[in-house]
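Two complexes come next, and they have one chain in common, chain A, joined by chain B in the first and chain C in the second.
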Partner chain A sequence: MKQTNRIKTIVLAGLSLLMSVNFYANHHEGEGHGTHKEGVAKEYNPVVTIMDHIKDANEWHVITTDENTAHPNHISIPLPVIIYDNEGLKFFMSSKVAHGHTHEGYKMTHDGQVVSVAGKKKADMFDVVKGNLSTDAVFFDLSITKNVATLILVFIILMIVFPKMAKSYKKGLVPSGVAKFLEPIVLFVRDDIAKPNFNQKQMDKFMPFLLSIFFFIWFSNMMGLIPFPPFGANLTGNISVTFVLALITMLVINLNGNKGYWGHMLWMPGVPVPVKILLAPIELVGVIAKPFALMIRLFANITAGHIVVLSLIGIIFIFQSIGGSLMAVPLALFISVLELLVAFLQAFVFTMLAALFIGTSTAEAHH
Partner chain B sequence: MSGIGVLGAGLAVLGVGLGIGRIGGSAMEGIARQPEAADKIQTAMIVAAALIEGAGLFAIASTFWA
Partner chain C sequence: MLGLVTPGFGLTVWMLITFVILMFLLKKFAWKPILGAINERETKIEGALAAAEKAKEEMAELNAKNDELRKVALAERDALMKEAREMKIQIIAEAKTKAGSEADSILATARETISQEKAAAQGEIKSQVATLSIAIAEKLLKGELSTDDKHKALVDNLVNDVNLN
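On to the complex of A and B.
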């Protein structure tokens, strides 16, 4: 009985993986906007599809039917658009601006970005830094985009799963239900990530933070690997998301830094005074460089993973022959499985390094 | 990303590959000599590999502006 159950699980897992490859293909086929116009076979450009997938968008593209005709039919899930500009707050669904329609001075490009008809720029981080915030020149896009929707979805899943897990321990110490699956991972975070870096008091203080970032990053990475809506957004491959994660980590590292940490940074003990002066700026660069590396690492790994999978699927549409598929499908399957490992590994590395940095900034003096 | 940028990215990956390869190899040797320390060696290996990878990713990210 146990044996059959196991075989069933393996078969199901295999099928779902195959299905995911299939869905990627559909997704892909649907997105080659205007690459095939009425029987004229043009060369397929995978970069357009890949960039469409990597970027954030104001709509959730599902599939395009009748692609090879004059009127391709794009099917998308509309998402709410929230815009603040000189006319105040605007709220409408992205379906109102789809297919070239204009609504309240905004329209949507074919890759799902809402733009101003008047040519106003979407305010980004550089505008904020430069103080270029006049609503005559820029508009503020507060929309629930594909990534924001995924973020909320991950939040909801975490909010359902973890209270449920906590509740199951009220019945007794033997884990039941979802806790059976998550307990070993929580213990892994505690024993392999927190324990080598913290003492008991610090561990009680920082375990909630470590568990939060670990499970948030892991769940979002896994969401990105499920290739059909409402999943498959490139959430942790978005530099803004990883920026905020790194910023929070930086704040936790530095706000908890003790006297020893700041002393070693600003006035390194045990070296001559000229070296002390030389070392201070170098150590101060480390304050920014450590979280910066965290940000770039997560962003680059997840984005690269998505690009590789989509490129391999793209081979099918470039060669348009059985041979191309025979080569592409096993390779894409292999990379997809590898990405499952990377999803976990990147969550582990991020949490591990965060724990390491927090551990060094809060370590008790030992000399 | 220009041609020279792609070349730079390739060179960066070469360095990172050599570095992480060395860490992996040494960790294997360490584990073979002292299997009971495998857990500690593994953690240290991943941290060191992640730091090297970070440097490599800086290089690759900067090739986009080349």
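On to the complex of A and C.
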């Protein structure tokens, strides 16, 4: 079993060599970890690993070595922490609060969450909606977290790839380079997603939005499938990200809604007045329900994919035998390949439904 | 577990800012030029196809026209040949008639000339004969006209002879 652990360590160490970012070692001592002794197996709990991966974090955990010793060695990429509280704006690297250290009233939990030493709550969107914004009760974490870093990376990749594609058309109208691969997908979005829902004028108006959400979701999904930093973060499986995508989609749907759309919603034509009154609230729920479904669908699908792959890999550490690997690795490979399809499919579904909803809200009246 | 479905403040803000900027930048630097280029190409291809179709139609039209022209030319040639043949026959016939009439007129003229010449020759012969006769008669008379009677009788006789001729 020690040998298995050594192999694991070697493999993970080799993986870490792929990265050129400066790491720091994070020795967790005490804090409930003191129960395991040197050489004695701690029962492996895959749920912890999986949940740590699924959630956002203020540091980018790479690997942990010497896990079953009294001094597990957590290797992580430090990320900038930006906090706004009653003392103003605070900026420091997450390495300052690692090792169980406290810095400017903050420390970091084992799963990489910066928390207030004073017990203040980290503000989330529910607090924003409820108006619970007093800096005495909550603090605002604007850190470049793992997911924000991934978001910026996706931004950079998209801003390199697509302007490059656009530039390639200046040489000639025949697609060359990256355009050769991406043009069919752009055409797919245009002809199979946008065209059935829009007329020519609307196409010009909404195509940039549809292409942006499609490629953002697709690239983010695929980056989440690459299992080593700076990739592998669960970006589109984070509810904040899908919330924003759905929010923007909702705004686009309703701000462009025409008379017919609002007429059908508030005063359904062709039905008796009592039914009109009954239908209006039901239709109004749809304004929220449609983007809400978009938000949950993308979040759940991508998160589920990450959970399944990690669970299958977790089998190896539960069984700690060759047999377990023989079963888990092909299955994980199969699911990963399936996730490649899901990555595209979910981008397609989100974009197609967004196009459908926008199409309905902007459709010309024809009756 | 609730934390998983609670949108965090920081990531929501960053996502909102990043995505809106991304959308506008991509719209300006990627989607507009890309879609523009694709549209331009499609219009070009459509135009080229239409032009090819038109050229094909024009070609067919041209061929049809050529065929017609050939037919017309052939008909014209046939007509010309026919006309030429007819003209040849006509010319030959005309030439024949003309030659015939010319020959006739030449013959007639010749005949006339001959008769005229003959008449002239006869007249000349007559006058020659008369002169000769007179000369002979003179000679004879010189000998015989010793007497008036004889003289007179002889002249009468001679004149009668001449008239008879």
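By definition in this document, the second predicted complex is superposed on the first by the 330 of 367 C-alpha atoms of A that agree within 3 Å, B and C clash if a C-alpha of one lies under 4 Å from a C-alpha of the other, contacts with A are read in each partner's own complex, and residues count from 1 in each chain.
Going forward, contacts are C-beta pairs under 8 Å (C-beta built on N, C-alpha and C of every residue); 3 or more make two chains touch, one makes a residue touch a chain.
Remember, it's a predicted structure, so these values are computed and weren't measured experimentally.
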Discussion item. Given the alignment on chain A, is it a clash or a fit between chain B and chain C?
Written reply: fit
Item to complete: See if chain A has more residues touched by chain B or by chain C, and give me that chain.
Response: C
Discussion item. Per the contact definition in the header, classify A:277: touching chain B only (first), chain C only (second), both, or neither.
Written reply: neither
Worksheet item: Just chain B (first), just chain C (second), both, or neither: which does A:293 touch?
Response: first
Practice prompt. Have a look at where A:243 lands relative to chain B and chain C in the superposition and call it first, second, both or neither.
Written response: second
Item to complete: For A:187, select first, second, both or neither according to whether it touches chain B, chain C, the two together, or no partner.
Response: second
Worksheet item: Which of the two partners, first being chain B and second being chain C, lies in contact with A:285: first, second, both, or neither?
Response: neither
Discussion item. Applying the document's definition of touch, where does A:155 land relative to chain B and chain C: first, second, both, or neither?
Written reply: second
Worksheet item: Upon superposition of the two complexes, what minimum C-alpha distance (Å) separates chain B from chain C?
Response: 8
Item to complete: Take the contacts of chain A with chain B and those with chain C, and give the residues found in both.
Response: none
Practice prompt. Note which residues of chain A are touching chain C in the complex, please.
Written response: 51, 54-56, 82, 122-128, 140-145, 147-148, 151-152, 155, 158-159, 162-163, 165-167, 169-170, 173-174, 179, 183, 186-187, 190, 207-209, 211-212, 215-216, 238-241, 243-245, 247-248, 299, 303
Discussion item. Looking at the complex, which residues from chain A come into contact with chain B?
Written reply: 192, 196, 293, 296-297, 300, 345, 348-349, 352-353, 356
Worksheet item: Taking the complex as given, what residues does chain C use to touch chain A?
Response: 3-16, 18-23, 25-27, 29-35, 37-38, 40-41, 44
Fill in: Complex contact set, residues of chain B against chain A
39-40, 43, 46-47, 50-51, 53-54, 57-58, 60-61
